[in-house]
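Chains: A, B, C and D, in written order; residue numbering restarts at 1 for each.
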Amino acid sequence: MNIKPYVRKANYYETDQMGIIHHSNYIRWFEEARVDYMEQLGFGYDKAVESGIDFALLNVECTYKSMVRFGDTVRIIVSIAELSKARMTVSYQVLDDKTGELRSTGTTSHCYYHQNKKRPVSLKSELPELYALFEQNIAKSPRL
Amino acid sequence: MNIKPYVRKANYYETDQMGIIHHSNYIRWFEEARVDYMEQLGFGYDKAVESGIDFALLNVECTYKSMVRFGDTVRIIVSIAELSKARMTVSYQVLDDKTGELRSTGTTSHCYYHQNKKRPVSLKSELPELYALFEQNIAKSPRL
Amino acid sequence: MNIKPYVRKANYYETDQMGIIHHSNYIRWFEEARVDYMEQLGFGYDKAVESGIDFALLNVECTYKSMVRFGDTVRIIVSIAELSKARMTVSYQVLDDKTGELRSTGTTSHCYYHQNKKRPVSLKSELPELYALFEQNIAKSPRL
Amino acid sequence: MNIKPYVRKANYYETDQMGIIHHSNYIRWFEEARVDYMEQLGFGYDKAVESGIDFALLNVECTYKSMVRFGDTVRIIVSIAELSKARMTVSYQVLDDKTGELRSTGTTSHCYYHQNKKRPVSLKSELPELYALFEQNIAKSPRL
């Protein structure tokens, strides 16, 4: 499957008084890009939520390489770095869309939390179709 | 009942590149002050939510008088401007805590939405205790 | 000039525990739509900022008609409702992009603040080109 | 110096549709706690900013242990994990204020960015008083 990077503009309300995008927003951009990635896979995040599965966050990490400013457009490359029945790590590269300059790299680690069972579950058992899609794409993903 | 103003500091992440607190945050501060007001009344917002009632927003209005900057402390005076079985309007005055200078005024209008019934309900019928508390405090509230 | 509505998806991080988009985000969406509107006019907000002019907010108002949920796409129609040398009021209509159902209406009122002069200025004097663009589009704007 | 933990309530607008505080807010809470820590040290963040120094973020990491909900109060313990002339790592422990249960741990790494020089600088040279305060407190800090 040919997954396209997620492209979005940096908003004015995301700036801080240093005149740059506040670092906390990158964590939100990772989420936007992850949601977009799943949609492109053909199994939207909302579909997972409807099935009772949330991607609970275990860990987030972000390294800031250069600043993003209001009006800049960023291109976020998402890839699945690690996948197991109970856990997944997703990697992100944030690039300036015009110049390709690297702005940030990061990862998020998730478990699959079942809303009704109120506990982590195996994605392979709960949503085998989605698990298979992740599995097919892990090899093809560019590793950071 | 003697309700104290809600006091809080302006955070760095709430600033924008103009070097002031971004206007959208005042709407969030109104909510913080409203939650604090209900707690002081003795019927916390979480208690209402547990009873299945949310205060759905119908309208918000905010007028900006002067700027708030990072590190400033604001004092928010909350009062109930209008109350009926089905609707409530809450008023806010945001002042600089040190100088008393007026930063902003605003209002929010709410109906009482029942999570299970999935429709607006009468607060007087659903939560008579809370309705009575609001009623007792409307007269004593300073009007803007 | 043919101005297109601003289209964007509602993000997961914009939801609240009621399962809907938190009301404060609409104020941010208005800003996104306003920035997009100016770009389409051919005089981007960043160009105004570079010239030393910020669009300081005097007032914001938003009426909530129906709920937006995660994954919904909204279409925001921006129009200039009022324009004078010193002030501007912008109107917004938020519609569900698929069904056209009205989600919200709102306005923002602005003055033109000069970063170096540290006071409001006349847009007609400071940025006549932008003022003319606004003027040309006020008549053609759909009024709410 | 006896540094007190930073205590704050979780806000309604910080929840998401899972009914918990959205993970991105912890990054903002770290900042609030860091600002409070510096104030307690006697050299506020605003004082650093006035001197032209911003604490530019190089990296942030957060591990989520258990969920925080609306109305919960958290207690954040800040400590300086690493300090050099050009760089600092700050550690955070987020605990439930009532039960002491661990909610999250994290770190932020910073360099000292000079607004006018537009480049990272040595804190020891630029703000020796603040550097000394950090140095005195690194040993006394509880290590995670």
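We take it that a contact is a pair of C-beta atoms (placed from the backbone, for glycine too) under 8 Å apart; a residue touches a chain by one contact, two chains touch by 3 or more.
Not measured: the values here are computed from a predicted model.
Visitor: Averaging each chain's C-alpha atoms to get its centre, pick out the one most distant from chain B.
Guide: It is A.
Visitor: Does A-C or A-D have the larger number of C-beta pairs in contact?
Guide: A-D
Visitor: How many angstrom lie between the CA centroids of chain A and chain C, rounded to a whole number?
Guide: Using C-alpha averages as centres, the distance is 29 Å.
Visitor: Round to the nearest whole Å and give the separation of the Cα centres of chain A and chain D.
Guide: Centre-to-centre distance between chain A and chain D: 25 Å.
Visitor: Where in chain C do residues touch two or more of the other chains?
Guide: Chain C, residues with two or more chain partners: 12-13, 17-18, 24, 28, 31, 49, 70.
Visitor: Can you tell me which positions in chain B touch chain C when the two form their complex?
Guide: Going through chain B, the ones touching chain C are 17-18, 23-25, 27-28, 31, 49, 54, 56-64, 113, 115.
Visitor: Quick one: which bits of chain A touch chain B in the complex? Just the residue numbers, please.
Guide: The touching residues are 12-13, 15-20, 22, 24, 70.
Visitor: For chain C, which residues count as touching chain A in their complex?
Guide: So the residues of chain C touching chain A come out as 11-13, 28, 31-32, 35, 44-46, 49, 70-71.
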